[in-house]
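The structure's right below; bear with me while I get my questions together.
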Amino acid sequence: MSLTSVNLWETVKKQYFFKLKANIDAFSSLIGIQLLALLFSFGGVGSVGMGGGNFSINIKYYSADLVIGFTLIWAFVTAIVITTKPYRNHDFTFVTNRLSSSLSNILYLLTASIVGSITAILAGNLLKILAHILLDDQIYSFNTGLQELVMGIGVTILYVFFVTSIGYFIGTLVQESKLFIILIPVLFFGILFLEASMQKEPFLINVFKFYGMESTLFLFIIKVIVTVAVFFTAAISILNRMEVRR
Amino acid sequence: MRVIECTDLTKTYLRKNVLDKLSFSIEENKITGLIGRNGVGKTTLLKIIAGFIKETSGQVKVFSERPYNSLNVSINSIFVDDQMSFPPAIPLGEILTVAGNFYPNWDRELAKGLFDYFSFDPKSYHNRLSKGKTSTFNMIIGLASRCPLTIFDEPTTGMDAAVRKDFYRALLKDYIAYPRTIILSSHHLDEIEDLLEDVLLIKDGKKHFQMSISELKEWAIGLKGTTEEVLNFSDGKEILFKEYFGLNTMYAVVKNDFSEPLLNKAHLVGVEILPVQSSDLCVYLTSETKGGIDDVFNKR
Amino acid sequence: MQIADWIESEILNGHFESDGKVYSQYQLAEMYTINPATAAKGLNLLVDENILYKKRGLGMFVSGDAKEIIINKRKNQTLKRLVRELVLEANRLQISEIELIEMIKVANDQEAEQ
Amino acid sequence: MTVLTAILPLVILILIFGVFIFMVRLTRKFATPKVTHWLLFIYIGVLLLGTVFVPFIIDDSLSQKGMEKAIDTDRELSGLYTKLNEGEIDQIDAKYLMKESSFSNYQNQSIRVESSNNDSSQIFVERKANNDDTIEAFIFGNGLIIDGYDFSRKLKPYHLELMKNTLTINLPQQQDINLIITKADFPIRQFTGESIINPSFSTGDQVVYLRIPNHLELIAGNHVFLEFIEK
């Protein structure tokens, strides 16, 4: 019987569509989470109270920060979930090797990031409308220009994708050995606690500064892309050595 | 052309050699039966061939390539067992379409035909199928994919006799129409005997023997008669299996390398020659003890 | 080898006349749900006993004297074996030779009437 | 760098467009569109609707004025006070004038100025050259600018009341203003420099400026502090 040759990207493409079809429910949980976030950010994402001579002002700020935050968590969890055994075994029922399985996972996570970010940013508008209708106070808003909106979506996609790469890496470690389930949290809080006791600035702050405070877009993009590449390549190399369907 | 070649294949789990320097090869377009006791390493061997797990040492070549992590092997082979996992969110009907996308030789009519014949509901889900139905569905995927190497690992678990019969018939008919290399690992050797061309018997992680089914059928003979008659007739040959009946009649199974005339003279001495069922033969060959379960009771 | 025996009896009762075509290994496999290789072995057995002969690319054909070969094969193999078992059984039951011959005659007459 | 920020939105737009087409093609490929797909499409539909509908409901009229938030609010304030000191009130930007009122044919010789504001409030007084028996009162507020929005019109000005010979300046009762302001999301804020924590805000105090006839004598009530302008 004649053998069929195959190329990697052809398989990745097929697996990608297969994954989208298989994990479509992840998107319904995305919607659920974002609606929940909308509910929470109803009281305003931040509020400031000030007083003058004979008047007091309190301002409620509305933005989609919380929705984006929840989407980040959702992405992180989704990334971890698809590295678990059942999901990897789904790939091995059909045509795959470990590399194509990982690559299609990454493409799927990218799609999840894009859909997650677009919906999160647009949810901000939904929030404004709901606040207007339900709170019937006048809402003052800088109508962010199209360019800013689009840039916002772009940056959010990078953030979400960044989080998925970490999730994917951690998920792979956990698959490598269950020990990591305890090791990673212990390490994480251990360092925090240690630094706190030594009055040193916790590493999380530095991480936040490195990415969060980066105000030049170009640098930010480079930083995120490099980090994402590092995490994903690490995950792929671990997965490549891992047995499956034992 | 050899589809599978194994030389000194070893696999150790927790310091136990499940496969121990196993060497064999399987020719193209043959149906081979993989026979062995539970836990002797059949599934491990098949998973190494399918590229799921790594061999500890030794060399495995599938389509003259190392199967582990090889896309070429993956697209030209399919591994069917009851652990085959499908995403819970995809209904059965769509799984067939998905399989169609993946496998180049996928036969949609055959899949649909079998799917309807075994009355599956395209809207139902894989994880809600009964054990037998799961095996049947997995079998359909295996057959319709028409991969040059199709591996069935105990495909009939849970299937009732009628479905099993249909499966064997469907397997053979599709094999005749589209010959391919098939490996059937099963415990019901008696049922699949007719399907097979070769039999590969695994014992203690090693290849006990690999021969065609017709040779296997004439490999050993059963001697029945009075104990001393049978013993002296078999004069020192290794007795694979012995059983006592009544006062002093005995049944023994020995390798059949008697000459033709000697066999004809056997009945003069009151020893009856009986054919040995290949499935029983395999059981005798792979049993740790020489006797049967009765020995356990007889010893007390 | 049931395949070989089955073909022989088919030839004996005239289903396959001499020089007629016999089923191919695949047809046999289909009919009996057996592996085509096993069917082929059965056919080759008969070729060795030149009950059948092979025409390149056309398949298997019944050879001219297939019937006689089968008859005397069965005569000195199967028939002889059956007779031996008959005699052995007779001794066990202490039946004299004459009685045995008598019984064979009776059986033969009944067969002749049908 | 600007080139990049120009290209990036374009790329993202194409991405969004691509995702949309991809979604459509995806559903056509699906034999059994599942509940999730409907959920997803309704949700995205609502979101897109929201995005289109939002500009109509938010009041960004203030934001045009707020555009000058770039200038330093303190520098502007000090400018206001110097003009007040020099009495050139007509050069003060109209947006600072909160209220203007005048009391005509005030024949008394003197007038007493009272204030209900318990801490001292500053009143500028300009003595006109002539005696036209009218007292003009101007109330200037340095505006309430929060995060670039000019909410001055939210503040109620002082209320001047002239009874017999006392002019009382009573403050509007305690007023609490609730505002809802939308902020850009943190990924956007990161690059536009906006911050959510300390909004820029000016005190929103009010100042009274009186123009009185030449001969009118002023008597300052308690904790009223009169500032005479030398012109």
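The letters A, B, C and D name the chains in turn, as written, and every chain counts its residues from 1.
One rule holds for everything that comes next: a contact is a pair of C-beta atoms (placed from the backbone, for glycine too) under 8 Å apart; a residue touches a chain by one contact, two chains touch by 3 or more.
The shown structure was predicted, so the numbers you read here are calculated from the model rather than taken from an experiment.
**Student:** Which chain's mean C-alpha position is nearest the mean C-alpha position of the whole protein set?
**Tutor:** Chain nearest the overall C-alpha centroid, as shown: A.
**Student:** Between chain pairs A-D and A-B, which one is joined by a greater number of C-beta pairs in contact?
**Tutor:** If we tally the contacting C-beta pairs, A-D comes out ahead.
**Student:** Provide the C-alpha centroid distance between chain B and chain D, rounded to the nearest whole angstrom.
**Tutor:** A distance of 85 Å separates the two centres.
**Student:** From the mean C-alpha coordinate of chain A to that of chain D, what's the distance rounded to whole Å?
**Tutor:** The computed centroid separation for chain A versus chain D comes out at 38 Å.
**Student:** When the C-alpha atoms of chain A and chain B are each averaged to a single point, how far apart are the two points in Å?
**Tutor:** 48
**Student:** Averaging only over C-alpha atoms, locate the centres of chain B and chain C and give their separation in whole Å.
**Tutor:** Averaging C-alpha atoms per chain gives centres 32 Å apart.
**Student:** Residues of chain C touching 2+ other chains?
**Tutor:** If we look for residues of chain C contacting two or more partner chains, we find none.
**Student:** Of all the residues in chain B, which ones touch at least 2 other chains?
**Tutor:** Where chain B meets two or more other chains at a single residue, that happens at 89, 94.
**Student:** When you check chain D against every other chain, which residues touch at least two of them?
**Tutor:** Chain D, residues with two or more chain partners: 30, 34.
**Student:** Would you pull the chain C residues touching chain B in the complex into a rising list?
**Tutor:** These residues of chain C touch chain B: 1, 26, 29-30, 32-38, 41, 84-85, 88.
**Student:** Give the list of chain A residues in touch with chain B in this complex.
**Tutor:** Interface residues on chain A, with respect to chain B: 1-6, 8, 11, 14, 17-18, 21-25, 86, 89-90, 92-100, 240, 243-246.
**Student:** Which positions of chain B touch chain C when the two form their complex?
**Tutor:** Per the touch definition, chain B meets chain C at residues 30-31, 168-169, 172-173, 176, 194-197, 212-214, 267.
**Student:** Hey, which residues of chain B end up touching chain A in the complex?
**Tutor:** 28-29, 47, 51-54, 63, 69-72, 74-76, 83-87, 89-90, 94, 98-99, 101-105, 146, 148, 178-181
**Student:** Name, in rising order, each residue of chain A that touches chain D in their complex.
**Tutor:** Touch residues, chain A against chain D: 17, 20-21, 24-25, 27-28, 31, 44-46, 48, 50, 52-65, 68, 111, 114-115, 118-126, 128-129, 131-132, 135, 137-144, 146-157, 159, 212-218, 220.
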